Amino acid sequence: MLAQEFLGPSIDWFALSPYLMTVGGALLLMVVGALTPLWPRGLYAGVTIAVSIVAGVLSLLVWDDIADGGATTLVAGALARDTFAQFLTLTVLVATILVVLVTDGELRGSDGDGPEVYALLLTAATGAMIMGSANDLIVMFLGLETLSLALYVLAASDRRRNASQESGLKYFILGGFASAVFLYGIAMLYGGARSTNISEITTFFRDTVTVGRNDALVLVGIALLLVGLAFKVAAVPFHMWSPDVYQGAPSNITAFMASVGKAAAFAAMLRVLVVALPFHRDDWRPVVWVLAVASLVVGSLLAVVQTDVKRMLAYSSVSHAGFLLVGVEAAGHRAGELDAGSGLQSVLVYLMLYGVLVAGTFAVVTVVARNHEGDTGLDAFAGLAQRRPALALGLTVFLLAQAGVPLTGGFLAKWGVIQAAVDEGSYAVAIIAMVAAVVAAFLYLRIMVSVWLQPSPEGVVTERVPAMTGLAVTVAVVITIGVGVWPDWLLSVTESVSTYAR
Amino acid sequence: MLDLVWLIPALPLLGFALILVFGRRLGEPRAGFVAAAAVLGAFVVTVGVFLDLLATDEHHRSHVVTLFSWVPVSSLQIDMALLADPLSITMALFVTGIGFLIHLFAIGYMHGDPKFSKFFLYLNLFVFSMLMLVLGENLLVTFLGWEGVGACSYFLISFWHTRESAATAGKKAFVTNRIGDWGVMLAMFLGFQAVGSVSYGALNAAAEQGSIASSTATGIALLLFVGAVGKSAQLPLYLWLPDAMEGPTPVSALIHAATMVTAGVFLMTRMNPMLAAAADYAPQIIAWTGAITALFAATIAVAQNDIKKVLAYSTVSQLGYMFLAVGSGAYVAAVFHMVTHAFFKALMFLGSGSVIHGMHHEQDMRRMGALRLAMPVTAGTFIIGWLAIAGVPPFAGFWSKDEILLFTLASSPVLYAIGLVTAILTAYYMTRQVIMVFFGEARWESHAEEHGAHGEFTPHESPKIMLLPLVVLAALSIVGGAIQLPSFGIVPKAWRYKLEEWLHPVVAPGEAVIKDTAAYDAKSWLALLAIACALAGIAAAVMVYGRRRLPAVEPQLLADGWRYDAAVSSFMGGPGRRMFDAVAWFDARVVDGAVNGVATAVRGVSGRVRGIQTGNVRNYAGVVGAGIVLILVWFVILRGVL
Amino acid sequence: MELVVFVLASLMVLAGAVGVIAYRNPVHAALGLVLTLFGVAVHFVAMEAHFLAAVQVIVYAGAIVVLFLFVIMLLGVDRSEDLSIEPFRIQRPAAAVISLGVIGLIVAAVVRAAGTLSDDPGTAAPGDSNIRALARNLFSDHVLAFELTSVLLIVAVVGTVILTRRVRRGEGDVR
Amino acid sequence: MSPTTTWYLVLAAVLFGLGSFGLMIRRNPLVMFMCIELMLNAVNLSFVALAREFTDIDGQTAVFFVMVVAAAEVVVGLGIIISIMRRRPGATVDDLAELRG
Amino acid sequence: MSAFLAAAGGPELAFPVLSMLVFVPAAGALAIAVLSRRRPEYMKLTALLASVFTGALSIWVLQAFHGDDGGFQFVSKHPWIETWGISWHLGVDGISLFLVVLTGVLFPLAIVGIDPHNDDPARDKPYFAWLLLLEAGVMGSFLSLDLFLFFVFFEIVLVPMYFLIGGWGYEGRVYAATKFFLYTMIGSAFMLVSILATVFIARANGLGRITFDLIELAEGADFAVSTGRWLFFGFAVAFAVKVPVFPLHTWLPDAHTQAPTAGSVVLAGVMLKLGTYGFLRFGLYLFPEAARWSRSLWLTLAVIGIIYGAIAATMQKDLKRLVAYSSVAHLGFIVLGTFAFTSQAITGSVMQMVNHGVSTGALFLLVGMIYERRHTRQISELRGIQHVAPIFAAAFMVVMLSSIGVPGLNGFVGEYLILIGSFLTARWWVVVAATGVILAALYLLWAYQRVFHGEPDEENRTFPELRWREAMTLLPFIGIIVFTGVYPKPMLERIEPAVGALIEHVSDRTGYVEPQPAAVVPADDGADHADDGHGEEG
């Protein structure tokens, strides 16, 4: 047979530009940075942030186009060009910028400084963005791997502390396990739906009437995919890695995991469950419900008895994952329908705000940690208010926001999720979530107690707050309060967020 | 003049305000004079009002002065209004009159007390409250005064509050009174629900027209009686009165003899139509309570050694008499006895005060005797009071007591018998007191050394300002009976039943009619019998304490007031307190314990669950694997196969 | 014929896998892995995925396993691990149950789904054009994914740089 | 008769299960890592089988990507393992359990 | 329909006085936050200015208020979160008016009256900032007519209070603060879900759109019976914790005892009222049927609270704790009146909220002064103070008598109205509740005797007399106590129309007919006959 001439797919470079931007930035940092001696004055961070900002602007422009032209797919249906993707991209970029600021404050001048970390952060961000906008499970898997591999390395990157390396190894082994499962899920789903492309899967299930539930492969696929994603979002019982890793990894990296990592994972989950598998919502929604409740309960309960702040926050992030799952569950009720309810939106808002919150929180943690040789026990925070009132105030804002106190972004996020759940009539999970939130509030109070109400122990030197970290905290506070007080813009924006499906 | 009724309470209030502001600057004795002047002014106004009312004919002898709307909420409209009618003015007259005298007495009695001006502050406030009580046009205004006098008596009883006993007595008085107030409040509620108003006019009118269910009327009447029992120290709530003697003697005279304690009787009289509309057992309950109290208190008085305690118990007993009258429908008699009793009991209290004053605050009668030589005026006046209370004609007490007994017999002979016995006892223990204090040999010299503090010890007559009130009251005790003379042959027609005519518009609905009953016909004989009883009592006492012919019977049981007080307080201190402690324990351990228990439980569970997080990757992988299996089970088996 | 191939290859695969699990010495385990990989490659050939078979042999067996062995030698961790002791008593039974559960459930599902699959699957593509078709597909439909792999590899490279760099600069490291 | 897709899928499942079993019982991080490779191979096997079933090349493409990912993972994973083993030679995962609770 | 609709639009004011009531203190807090911490004297000054200005505004509202209008006045409504149908909707009616004024008046007094006892003056800064923030929050809760807005304020007040207790409290402060925070938060967790459910269910039947506007919801939506009951339950839990109703009260003694004096004053004075106010404004107004249905439960709990609180108070050894338990009893009365559904009772409840605020607030001030002088709150360590500080004792006595409920003082009028009003619909509860009056006298007088009477011992012999500043602080309290007691009309006639409108609303929704005195309770109101034991006579 003769070889017919080859036609590559048409490529909308502009729509791809945000991803290209970040990857390009990473390459730039690697190539130039590796060949030149150590750059002064946090130029790495500067470049990274600049790149991120440009990418953000680009994705905003793309958003405009979508608003006019409607959602499409890119590069032969590999990526979805929809507002959902753009919003997730923006979320990731904002969180990345904050983390980079913190990272600079942490690394500048230390022997850990160098282009590599920033390059990895950028590539990881790219992976996250891809996960959020993937329209093909294989692509999603690749994005996931990009993100995960970078995180494995970053988690282990602090060679001064054994904990860092231990956490890196644990994360790596379990992560590998999880991605294998995820991959197996893809394979099974491929067996059931004869494609790995989300749009095609959706169409397939819309057109084929499954007779007598003989779609066993699909079910197994969904199950395994769900496990893989649940692992990434650290939902109970797949959360086991997160406390150890959060605690062991350098604080700024923990911030990245908690913000970008979670955002990407949830975006992927929404893509898979809500976009690709709306016709199996009755199959997966109960599982999500159970996961949500488990995460809420276990996360809050275990957070209460911790003594290490980073570990507390790790568990609290588990319970936050529970909250997000409540949103996913809500989104599941009317997935695929025209009036899909506010579940998806609530999750997105939550991701954005939680990303900022947690980044800010860990920014403060880094400062305290480096003042106590990496010790992040509660007593390390004792009397922080006396030493650094402003910093303490910032931390308090973040903690209150995480506790869901009004006029903060955290409250809005929780409100949105619960609203979605109640709108779908799942009151039980809503109430469980709120009660869990109260239990979790106890641990934020514990931190505040040691920050404000305990005297600063003798001979503790006042923390040095790097300018960049301070900036990060300030920005995070502004966003948290700002959105908390004037949330309308964010809500109206997210209301218009839609996914490319069907 | 009638429209100036508001001046009657206003003046003491003014006095109160003045002393409150300038009290310290006024100091002694000016503060006392200001207070006395205020009360005197009130008295004068009252007299004026009294004359006006006298002038008007009987059907218009009731005048309401509304000051302002007090508690107006939709259907509930309560005014701050005063009512001037025969009853209230009668009360006001002796409240202000006797009040004034007692003020004068107090100026002398309280001489040298560091808190002189404060004493008159309270005294004026009390008079104000008492006047509000009697002049109130509706139950709520009365209640204002009702609680006001309670509060004032609390202040005054615990006036020397550094004395633990005084403080306790004050508290006891207030709390016990509150128990009664509970009844009054509920009575008001019931009345409001039934009639839509708490004004006497509306309530009594409804009662008279019978537009109020008899059950409701009974409820109101009995609840009010509960209040009366509290205020007027009847069984079972009389306990506070004897203890109240901890207060300065003028207080005892003013509050615990003349005015406040009679408030209960006043209230019942005021609401007599309601009582009339009530079921038959209501008045009987009242009568019996009164009778039993009278007898009970009299027996206790027999064995008291504290000069004031004797008077206190006799007060309780006499109040019992009044309720006996009320219960027998003898409202006029009740008021009559209230007035005469106010005269002679105030007199005797002041007398005892004078004695105590002269004896340098010695109150134990066993350390007195033969004081008639040391303080003749006091002795003389006191003896007049004694004859009055003992029921010896022609003194005031005889007439009122006789009238009550008459009505009682008309209603039930048993009660009459009790009344007579009480009369005998009264004569007996009063005589005993007089003898112990003023006659016999002087027993105080033997105790002189105890008083060595202020040089050699000799009782001395009190200053003029203290004696004047004694004299006036003595006079009243003699002629007081004239306001309500019975229809005996010796009495001129024109003088008869003055009080009854005067009060008629108020008490008409409830007043019992005893004409053409056997008792009425035999009233002269009854009078003679009463006199005989009185003389018998006196004679017995003389035999025992004067001549020493007979042994004194003063069993400890009576001295301890039948141990009733002890029983109550041991219950309060024992089971009662334990119950309260139990509640407190319950709150701390159970209710709050549950809360903390939850917290502990959460921590406990968390600690357990925490164990899963071993830190070993292989375990983690195991858990993840388990999760996978579970989810697969759901999808493959529950959703797939089934 | 195919049946025979299938059975033999499957035996290789499973034997290798068991080896990986059971050999106390990591080096032997690695060899077990090689066996499995070859078995899988044979299956690929049987399913006429020749290109993948080749890559399997070259990349996996060739590169990856060698890398493993290299690391083992480098670290000198080839001292054998005592499998007879297990600190967590329930770990092994639990693991067994779980694994059997996973296998059982998936197998059950697969068997259930057998109905949806044809009894005699056709061939993916004519043998000679398998590579061509793969390439075509790779560079048209999955070009983005293909590019992503490069990013992935960048991450790998940078990662190793980070992980190893401080060994050069690093302070207080046993060298 | 020739082996149907189902056979391959069953085989893959067994292989996957063996891999997970190994992951749970082995203490040497390198070996655990090998077990992950086993699982990946199981996935590949099923991909190819299904690709043949549907006569659809996508499955094989997926396998290709999986291999790349595997390679990258190996690089990173071995990097991490090396950096740990350097400091604590012969450490098993059981020894690496400082973070817990 | 009822007057609420008429006033819903309300007289739109050019000058948004209500918003100012919220913003002024907030701004003050902000100002203090930015002030230099080295000049503590400015802190207090700023705090004082802000709070006094707020107080003045509230007074202005009081005098500009149309007494005869039962609806909301000075309404200011601006869209806030349009996507969720949430608006900045403030308004004041007779029910909230005096609570607002009380808040406005109480804070300046709390600020001027007593200083935080802390070692270094630099710590004044956060103290005053938190206090002002608290004032803003409380004001907001009383004024907001939007469920979301209300919830925001209702929650936000926890934070300043938490820090006030935790930061400037006494020995057990951290425990108390945490307990207070979590306990209340649990309650509001249920309320949050309930609010959302209310909104969505209202959209489903009646409204057709999402709105958190109280008036629209109350007037527009009609819930199925069981639904309404569940929703009401959600609200009720939050309020019951805040009040606190009997079994949920144990956070209160700890919080009160451990809080700094100003904290206790505010807590008792206004914050507890959030609960009772919530019952009126949201419970009865949104879910009349459910409120009617569950009334016997609340009445019973209220009565239990009255007796139980009094008994527990009697046994306390700590003066502050005693006052705290007395609050439980007093608020029992308020709840009783709230669920009696008669004009007198509810008017009395509203009035009693203010009265309790004044008298208990003053009591806490006095106890705080005692603590300042003697550094103990243990009754056993105090003796014979009246002997050495008669004026102080007199002030205490007046306040105490108003708390006991002696006629002529404010406490009595409220209690009396509550009882007489409740008697019409809940006779037997009232019969029991009235005994609380006896117990009140018992525990307060006993405490007074132990603290003020008797011979002062060594430590107490030097007890300083009332100082001028303290006297000036207490004077307003005593003034209000006496004036309200003697002449409550101005207050009642402003409260009553709003209450009337509320009852009218309840009647519209449930067909409940308010029993009038001298008239048999209508037969259709079966509930009353059921739980009144034997029916009404007369």
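For reference, chains read A, B, C, D and E in written order, and residue numbers begin at 1 within each chain.
Everything that follows uses one rule, which is that contacts are C-beta pairs under 8 Å (C-beta built on N, C-alpha and C of every residue); 3 or more make two chains touch, one makes a residue touch a chain.
All values derive from a computational prediction rather than experimental measurement.
J.: Starting at chain C, how many touching-chain steps does it take at least to reach chain E?
T.: Counted as steps through touching chains, the separation is 2.
J.: Where the contacts of chain D and chain E overlap, which chains show up?
T.: Under the touch definition, chain D and chain E have A, B as mutual neighbours.
J.: So if I look at the partners of chain A and the partners of chain D, which chains show up in both lists?
T.: B, C
J.: Write down the pair of chains with the top C-beta contact pair count.
T.: So the pair of chains linked by the most contacts is C-D.
J.: Can you name the chain that lies farthest from chain B, using the mean of each chain's Cα atoms as its centre?
T.: Most remote chain from chain B, centroid-wise, comes out as C.
J.: Using CA atom means as chain centres, which chain is nearest the centre of all the protein shown?
T.: E
J.: What whole-Å value do you get for the distance between chain A and chain E if each is reduced to the mean of its CA atoms?
T.: 44
J.: In whole angstrom, how far does the Cα centroid of chain A sit from the Cα centroid of chain C?
T.: 29
J.: Between chain A and chain B, what is the gap in Å from one C-alpha centre to the other?
T.: It comes to 79 Å between the two C-alpha centres.
J.: What's the distance between the Cα centroids of chain B and chain C, rounded to whole Å?
T.: The computed centroid separation for chain B versus chain C comes out at 102 Å.
J.: Would you give the residues of chain D that are in contact with at least 2 other chains, written as numbers and ranges?
T.: Within chain D, residues 9, 16, 19-20, 23-27, 32-33, 53, 56, 58, 61, 65, 69, 72, 76, 79-81, 83, 87, 93-94, 96-101 contact more than one other chain.
J.: Which chain A residues touch at least two other chains?
T.: Each of 138, 142, 145, 149, 152-153, 156, 159, 169-170, 173, 177, 181, 188, 191, 216, 219-220, 243-244 in chain A touches at least two other chains.
J.: Residues of chain E touching 2+ other chains?
T.: none
J.: Which chains touch, pair by pair?
T.: A-B, A-C, A-D, A-E, B-C, B-D, B-E, C-D
J.: Which chain D residues qualify as touching chain A in the complex?
T.: That would be residues 9, 16, 19-20, 23, 29, 32-33, 36, 39-40, 42-43, 46-47, 50, 53-54, 56, 58-59, 61-62, 65-66, 69, 72-73, 76-77, 79-81, 83-84, 87-88, 93, 96-101 of chain D.
J.: Would you mind writing out the residues of chain C in touch with chain B in their complex?
T.: So the residues of chain C in touch with chain B come to 88, 91, 94-95, 98-99, 101-102, 105-106, 108-109, 112.
J.: Can you tell me which positions in chain B touch chain C when the two form their complex?
T.: Spelled out, the residues of chain B in touch with chain C are 614, 616, 618-619, 622, 625-626, 628-629, 632-633, 636-637, 640-641.
J.: Write out the stretch or stretches of chain A touching chain B in their complex.
T.: So the residues of chain A in touch with chain B come to 169-170, 173-174, 177-178, 181, 213, 216, 219-220, 222-224, 226-227, 230-231, 237-238, 240-241, 243-244, 283, 286-287, 298, 301-302, 304-305, 439.
J.: Which of the residues in chain B end up touching chain D in this complex?
T.: 610, 613-618, 621-622, 625
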